[in-house]
Amino acid sequence: MTPEERAFQERVDRGEKIEPKEWMPEGYRKTLIRQIGQHAHSEIVGQLPEGNWITRAPTLERKAILLAKVQDEAGHGLYLYCAAETLGVSRDELLEKLHSGKMKYSSIFNYPTLNWADIGAVGWLVDGAAIMNQVPLQRTSYGPYSRAMIRICKEESFHQRQGYDIMMKMAQGTPEQKAMAQDALNRFWYPSLMMFGPSDKDSVHSAQSMAWKIKINTNDELRQKFVDQTVPQADYLGLTIPDPNLAWNEEKGCYDFSEPDWSEFYDVLAGNGPCNKERLGARVKAWDDGAWFRDALSAHAEKAEARRRSAIPAAE
Amino acid sequence: QAALVEFLLRMGDNTLILGHRVSEWCGHSPVLEEDIALANTALDLIGQTQLWLGLAGEIEGQERTADNLAYLRDAAQFRNVLLVERPNGDFGNTLMRQFLFDAWHHVMLTALQRSSDPRVAEIAAKAIKEVAYHLERSADLVIRLGDGTEESHKRMQASLEDNWSYTGELFVADDSDVAVAEAGIAPAPDSLRAGWDAVVNDVLEQATLKRPEGTYVHQGGKRGIHTEHLGYILADMQFLQRAYPGATW
Amino acid sequence: QAALVEFLLRMGDNTLILGHRVSEWCGHSPVLEEDIALANTALDLIGQTQLWLGLAGEIEGQERTADNLAYLRDAAQFRNVLLVERPNGDFGNTLMRQFLFDAWHHVMLTALQRSSDPRVAEIAAKAIKEVAYHLERSADLVIRLGDGTEESHKRMQASLEDNWSYTGELFVADDSDVAVAEAGIAPAPDSLRAGWDAVVNDVLEQATLKRPEGTYVHQGGKRGIHTEHLGYILADMQFLQRAYPGATW
Amino acid sequence: MTPEERAFQERVDRGEKIEPKEWMPEGYRKTLIRQIGQHAHSEIVGQLPEGNWITRAPTLERKAILLAKVQDEAGHGLYLYCAAETLGVSRDELLEKLHSGKMKYSSIFNYPTLNWADIGAVGWLVDGAAIMNQVPLQRTSYGPYSRAMIRICKEESFHQRQGYDIMMKMAQGTPEQKAMAQDALNRFWYPSLMMFGPSDKDSVHSAQSMAWKIKINTNDELRQKFVDQTVPQADYLGLTIPDPNLAWNEEKGCYDFSEPDWSEFYDVLAGNGPCNKERLGARVKAWDDGAWFRDALSAHAEKAEARRRSAIPAAE
């Protein structure tokens, strides 16, 4: 470690926030860009599975709530791209990497939303898992990221409650509605567990990220916490978690549960999820189709600027 | 009173169907800021729908809620103008349709704030703040895109021509319009024309777009004769309520 | 018996949903002859649907008609493979999807003519004449387009890649498939693979197209886990039956 | 009249059929091309309003019937283009004129199909009016046209019965269905009357066409016949024809009825019908999007031909 690196690490250890113009190790910057960028991309791509039900939301109230949620997510994307920009990478560069497949977004969004209860399950489980990941990141060492997380977490927990409320209505509804709720839980349970990433023993960058306080807890810790939180919620709904091995472990004071099928995780990561092509394809199409729009706004701004300048008499 | 219900349905169906169309863009717009703005516009419109249709159901007195009206009528019972159900087309077309509607919506709500019916005036007072912002935004974008690149100019002019013949319906009165106008509940539709023209002409001029000369007016929506598009909108929108009647969501 | 009903639903839902997709081309195809051929294909598939779902309802014994099954089940109750619900894409993609399905459909129906259940054998004997013609036609067009211009070759290769990972589901067996196979009602799904491979390899070779190497298999349709597209298909298809329950048409 | 023209007219007067390779006046040829071409285009464009309900047909049986009908219509288009080709104009030339707006199709197809009863009304009224026009044309002087008409009329009358059957089911159905049936009749009545064209006194080419037996009856005759046939059918359905002036005229032995609004007719003709842009747009898009397909088939045919030739040893 160079003296600079040591000083940096000591600041992190003391719990100081690192701010944009301050010195930071190149690896720290790169890891942050990857992590914040992926998170931003996830917010954007995450609009799609929920957007799939906006036109079919069952009541005006539910439609409004879902629209507000999707709007929030786009807003989160915006904060996060801004946070990433403080590290010297532009939003367009990050998007280019998303579109060319060089950067990822959360694999969970490669699963389809097939019935209305899925919108509940996404809020309850997916946002729930996301919050579990994000709450500790409010204390992350990088200032802009930490501040973005504080703002985001507040909204996300609101979304999670709304999702749980949908599940509640469905679980207490007609037999068909309850079946949809159970079906949604069946399909989203393991993918939600995968959201915490592979077991720490298989996770490459974990140790360094934790030292830098870019990562606060291990994947397995968070996954356990998520299970412990979610099981009683499912019980309360009267729904069954699709895991025959799920059982309370008195000794450890937490639930035992089955690992997700990691081969599925790697399949989805490799592009073979149910919706990978559709999701990325939709984003690339939106971007390409919108090129004329973005070009026109730039052109107009230049014209307006030129007009402004020529309106000011040259100071001779 | 029938005329008042009819009037409220027209207001609420306009916002419902336009909100639906706008929401179709979710996650597909050209820049993130537009995703946010469009979701926000759709959200406002759906909120206004709840108020207009809620009041319509209340006055009708047959225990129909805003949701009943939105989800359990078929196309022939819908009262929105044809303009709002037209397909989105490219993003420029969506913005042009929005601008042409916003300009009308704003003069309409301005007048409705002075409605003789306080419930109508109250909704209008609430909605106009949102719609003033919609208009500001859509007008600004029409100007920037009209006076942007050659391509954007061409697209916006084409969108203007495409939507133009659907704007006239906003100003055509039928018996029901006459009745609510005489009762001081709502302005006569053609009394809004001058205000609309002023806004539209000003914006089009700044946008370097040419106001179309065509005077043909497509109409029918206000009396339930729609385009073929509405049926498909409703098939999606109403699926869950139709497939699971009586369920609580 | 439950396995037999399941099997019949799978057959009927495949033809219903593919027939729906094909019928979307009505009036929009590249030449008049194709408009005719596609309407004819859709017509055959809908006719077969009536037979398969009719028999499914009869055997199920809950008084559900073919129409009840087609119009009153939601997506999770549908049993078609994912391949047939995929969007049409360009005309080449529609033809490629059709060819990949026809090749399977033909070997399946060939085997079903020897079903231990005479009702199944009878439907198969009727359907195979139609499907032999579908296959002849789609294979011929795949060859001509694959070995046509550079552009058509590129489009067909892309369509092949896009659809490829959805073909594997046709050959994967679950308990229900095993049960009907053991009862001699239907062939084991994987027993059809060799016949399908032979046809597909031959046609692709003539078409100068490269068989994709990917082995990933998208599945779920046969147990009711579909793509997001099916919900939209059903919203349209079922609108009238859902909106006007109990009416006679 | 030249001697040739006189001889031609005498053949027509005797009821002889004119066949493709035989001499005919240029005006006869041109008028026929226009008339047959427009009829062919109408069959093709006519697929669209009906196609609009194929995916939403209310039963499998109705869906199958509608598919069969649309298939028949495309088939009629094919016969008619072939008949036109015998006059020395290719299908592609005719389509080019359709796409560029130089040739028309029947204005009735510029009206939307808004509910399922419209499919009934199209069969009952639109096909009904078409048959009224076409039955006499089975006796037209041009052989290929006459033979195409014989074939077409048989199928059309089948379609008309199917349409009437839909109307019957709707009229005898629930109150909502009956309302749809009435609504369909309200919207299709006058446009159907317009299908016979303006009153003969305003019709330019009528006299010559009648002399040539390209047109057999006057527009007004056919319109009257249509009304007289249709009114009792509407009565039987229990539906009301939207014409307060409709009344049986004992003296004349036929119905009095209101003229359609001819300004609407000319508006639609001028491109301002409810669906003009959509219908023509859909056809042009289908044609343009299909260019690669047609090109590929030609290219393949050439390759195949070349291969065939090179496989035959040159006869030296």
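Points worth noting:
Each chain gets a letter, A, B, C and D, in the order it is written, and its residues are counted from 1.
Basically, a residue touches a chain if its C-beta (ideal position, glycine included) is under 8 Å from a C-beta of that chain, and two chains touch if they have at least 3 such contacts.
No experiment lies behind these values; they were computed from the predicted model shown.
Ranked by separation of Cα centres from subunit B, the top chain is C. Centre-to-centre separation between subunit A and subunit B, using Cα means, comes to 34 Å. Rounded to whole angstrom units, the spacing between the C-alpha centres of subunit B and subunit C is 42. Our note on geometry: subunit A versus subunit D, Cα centroid distance of 57 Å, whole angstroms.
In subunit B, the residues that touch at least two other chains are 74, 231, 235-236, 239. Multi-chain contact residues of subunit A, defined as those touching 2 or more other chains: 56, 176. Contact topology of the protein chains: irregular, matching none of line, ring, star or complete. The list of touching chain pairs reads A-B, A-C, B-C, B-D, C-D.
Taken together, the subunit B residues at the contact with subunit D in this complex read 74-76, 162, 165, 216, 218, 220, 225-228, 231, 235.
Within the complex formed with subunit B, the residues of subunit A that make contact are 44-45, 47-48, 50-51, 54-64, 67-68, 70-71, 74-75, 77-78, 81, 91, 116, 166, 169-170, 173-174, 176-177, 282-283, 285-287, 289-297, 299-301, 303. Touching subunit B in their complex are the following residues of subunit C: 74, 231-232, 234-236, 238-239, 242-243, 245.
Those residues of subunit B whose C-beta lies close enough to touch subunit A in the complex are 16, 20, 23-24, 26-36, 39-40, 42-43, 46-47, 49-50, 53, 66-67, 70-71, 90-92, 143-145, 147-149, 151-152, 155, 233, 236-237, 239-241, 244, 246-249. Subunit D makes touch with subunit B in their complex at residues 52, 56, 112-115, 176, 179-180, 183, 187, 267, 272, 274-275, 277-278.
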